[in-house]
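In the two assemblies presented below, chain A is common to both, partnered first by chain B and then by chain C.
Up next is the complex of A and B:
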């Protein structure tokens, strides 16, 4: 039966080549957009380097202070996190680091290199699992002593030093300060923005006074639980602490600074009324709807026209024993074959586009990969697309009166 | 085998009501070859469609094998047509996108059968109409007579007890028409298939067991 449907579907595709081209172009183009988007999102969300323990971590990344006539939001300060988060009892480990928004320029052979830098503590290297290409991280003693040591990314190593085998022990200049390199780590894509950096240095060498007693000030905290089950305990303890935190000044009467999962903190807008997750999902949903709606309507239209050309076939099939349900099934299967064919073209197109995006290096250290998840999403999109654009025309077809259908030639 | 009682068919539009069939009662015996004749527009095809359960009468009752057909659901009707009835149309109604063999297999798709069974039965049916050498051709590569023979093979492949033929020789020249008629006569004689045929051709009608004439929707003979 399916073989017969397949034969018919292919024959119908061959019959009106222009229509087929328009249909396939619409489907594959739409699916390409969706697949590239899905691949992008999947890679952004799915990439767990270097925070491989993110399923048992909580992140404090933003703070919002509100009063009757004032509102202020941003990242918490080192002072705030050190005082209220680092003192928590329930986490197995706590790290405080700058939130990655710092950048400076450095010069090598008269060439300017823009670099991102990040202040961290020693726990940072225990909680996060950076892959060291060479050397090691700085330790707690070095942080305490305020030593000018640094861990740099592989990308910066290449850019700054060129292709040399080892740079551990060498010095790198950033912001007019010389740092001795203690280790080199594999690049973190910029999309993992909370942890991305070119150079990592102890927070104690920060030029900005990290002991400044403002509540806000460009730092984040990562709270690692001993097990997933402990996450709730940490959350509860932190919430209790937060309830007792005095307001920073008279302008504010309310403060919101949550310890959240990776995804929520990743999408955090700093606005306590919306999680960011909702907004992101709504945005993706609306975008998907718009991108899918027009080609779906177009495909429905083309399908209806094509069905009417096949009324004689429909009449014959009904006369020889096809029920309306069977015909609906046949047409949906045919349409799924068409959309899957379009999907296949879409996958090839997406692959090409992703290769172009990757080779153009539009997003630093971010490589989009077509993994199984992306392919499954693509398949699901094809299926939904095929189903939606096939159901209405199929239903109309099945309702055709046999006698009328057979009169048409 | 087929019993029609007071069949009436009225076509209604907003302003006009047309009586296409007026109180037709007809008994067709098992193994009978019946022809229906009459001028264009007299209701021959409408009657055949009603016998074939492709159309519903406005009034009256049809029984096939003592079974009333008016209460059957869409699925039951489809099943009934598939098992009991075979259709031959004046303009063949072959699916041009499918090869001859696939066209003939079509009725078998709607019943339990394996691909091999379908192929064997379709080849056998094509053998009966003398087209064993055309299985891989597409309908557009065949002559009118050959197309109608493919249509006959499709009608008989499921071994139905009744074949309904709507002017099967209408589009064919006399030689080809006779060939097709011979096949139908042979089917009726050797397999005992009940055949109801609409025709314009007196000569063809004379070869059948009984002739029914219609005029303006009424039975006149």
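Up next is the complex of A and C:
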């Protein structure tokens, strides 16, 4: 039966090439847009290098202090995290590091290099699984001694030293300080902004006093749980600790600082009233609606037209006893075949577009890859698209009166 | 004639409803896009309000452990003199970190003339700021060294704030902030968030002893031939004076580029998407109209047979589509007009009105072009052939 529908669908497609072109153009272009968007989002949030244990980690990235007339939000300080987060009992391991967005310059051979830097502790290298190209991370002893050692990214190595095989043990100057290179890691794209950096340095050599007792101060904490089951426990334990923390000063009467999953902390706006997650989802939803709505209506319009063209065929089938249900079913299947065909073209188009985006190097070290997830999303979108644009015309078709349908010819 | 066309449309309301919906939604998409473009374009045409070429921004973290305002002041004066003594430096000045083309903002409210204006951008600057960025002075004067001594703290405001506070009156010499501050000058609006942004109400305050602990930026105006080697030297000089500070030097030229990029990328993406949507809609409209004409061969043949010219047949079909478009536009305009009426996005009203006119014209043009060819085809129908088929 399906084979027959398939044959009919192909025959109909061949009949009026112009209409087929319009339908396929609309479908494939819409799916291309949606797929590029899906691939982009999937790669931004789904990139699990270097935090491969993301599903059993919690992140403390921001805090908000509020009072009647005062509001202040930002990342917590090292002092605050060290006192309240590092002392939690449930997590298997805890790391404190500076948040992203710190940058400085270095000048080598009369060339300027802008460098992002990040202060970390030794646990950072245990919790996160960076791929080392050469060398190794610094250890707890080195951090304790305040040694000027650094782990640098592959990109920085190339920019600073050029194409040389090994740089471990060499010195790199950043922020007017000489650091001995202990290891080189693969690049992290800037979209993983919490962990992205060009150079990683022990927090003990930070130029800014990390023991400063302000509550806010540019650090984040990563809490690794022994198992997924512990995540809720850790979150609750931290909430309990937060309830007992004294306010920083009289201006504030409550504080909001939570240990959250990667997704939530990634989209955290630093404002307790609005979760970044809801806003992101709304934005994506509105965009999808606008992009999908027009082509859907267009396709419905064309489908209705095409069905009227086939009124004689439908009339004959009805006259020979085909039920409305069968006809609706047939038309929806035909439409799904058309959408899937468009989807196939869409996949090829989006593959080309993604290659163009990647070669344009819009975001450093960020490579969009098509993966199974994206293809599945594409398939789902195809299916929904085909269903929506097929139902109304099919319903119109099934209501066709046999006598008029046959008489028209 | 018109009434007759309406009857024709009404007779096929089901099919026309879909077409009206399609045109309506395209109109709304075009309206949204043209609002954005008109908004950007109107902003782009306004002057930038400052000169950013050859200005470097040195960011430092607080280097001194002391909270003593006087020793801080002394230290920074020393720093300024050292930097200005370098060969390719023209002028330097300190300011707060909300420098034009940076994402940082710092705003507060200002009371004056019985009003309170919220969200006023606060800039802390020193007397050299004017010589570095060449913000245009409209009236009054810029800060001088003696301004610290004044009882009422001197401030400068921009034209937009002057207009909001005092209307058409001059703000010069007026006391604001419950008599604590005196306006000594008015400057031209600065598009601080890039070429495509609207200037915000802003006020400039002078860096004084109390503000040194949060001032973390030094603006350096250099001569055009200053290169990376010189920048390295400047970096070393400052780093030598602030051993405990994280330093970074950025160029305002690059910052302007990147902030413009941030406003342009969403627009370019939506433009590409919209172009494809419109092509899609145009092809769809064209196809449906063309098909409809083929279906109406009998009717058209009859009209031709009783004496209608080819021209009048094709103009009838084009007018029919235009009436359909008008119906959609009436509904669309009803929705679109709500934006300026309810002031949804805080944009100037003329932006919406220009965008509305543009999108109405665009939709008419689109429908006209799409119906032109099918109309022409209808005119070519021979009555004898068409009627014979029936």
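Definition applied: the second predicted complex is superposed on the first by the 409 of 409 C-alpha atoms of A that agree within 3 Å, B and C clash if a C-alpha of one lies under 4 Å from a C-alpha of the other, contacts with A are read in each partner's own complex, and residues count from 1 in each chain.
Methods note: contacts are C-beta pairs under 8 Å (C-beta built on N, C-alpha and C of every residue); 3 or more make two chains touch, one makes a residue touch a chain.
What you see is a predicted model, and the numbers here were worked out from it, not measured in a lab.
Would you sort A:320 into first (chain B), second (chain C), both or neither based on which partner it touches?
It touches chain B, and chain C stays clear.
Which partner does A:175 contact after superposing on A: first (chain B), second (chain C), both, neither?
Second partner only, chain C.
Considering only the touch criterion stated at the top, classify A:104 as touching first (chain B), second (chain C), both, or neither.
It touches chain C, and chain B stays clear.
First (chain B), second (chain C), both or neither: which does A:89 touch?
neither
Have a look at where A:26 lands relative to chain B and chain C in the superposition and call it first, second, both or neither.
Second partner only, chain C.
Which touches a greater number of chain A residues, chain B or chain C?
C
So, does A:3 touch the first partner chain B, the second partner chain C, both, or neither?
first
Can you tell me which positions in chain A touch chain B when the two form their complex?
Per the touch definition, chain A meets chain B at residues 1, 3-4, 7-8, 11-12, 15, 312-313, 315-326, 402-403, 406, 409.
Flag every residue of chain B that touches chain A in the complex, lowest number first.
Of all residues in chain B, those touching chain A are 49, 52, 54-55, 74-75, 77-79, 81-83, 85-87, 89, 91, 93-95, 97-98, 102, 105-107, 109-111, 115, 154, 158.
In the complex of these two chains, what residues of chain C are touching chain A?
15, 18-19, 21-22, 25-26, 29, 61-62, 227-229, 231-232, 235-236, 239, 244-250, 273, 276-277, 279-281, 283-284, 287-288, 291-292, 295
Would you tell me which residues of chain A are touching chain C in their complex?
Residues of chain A touching chain C: 18-19, 21-22, 25-26, 29-30, 33, 102-105, 107, 110-112, 114, 175-176, 207-208, 290-291, 293-295, 297-302, 304-305, 308-309.
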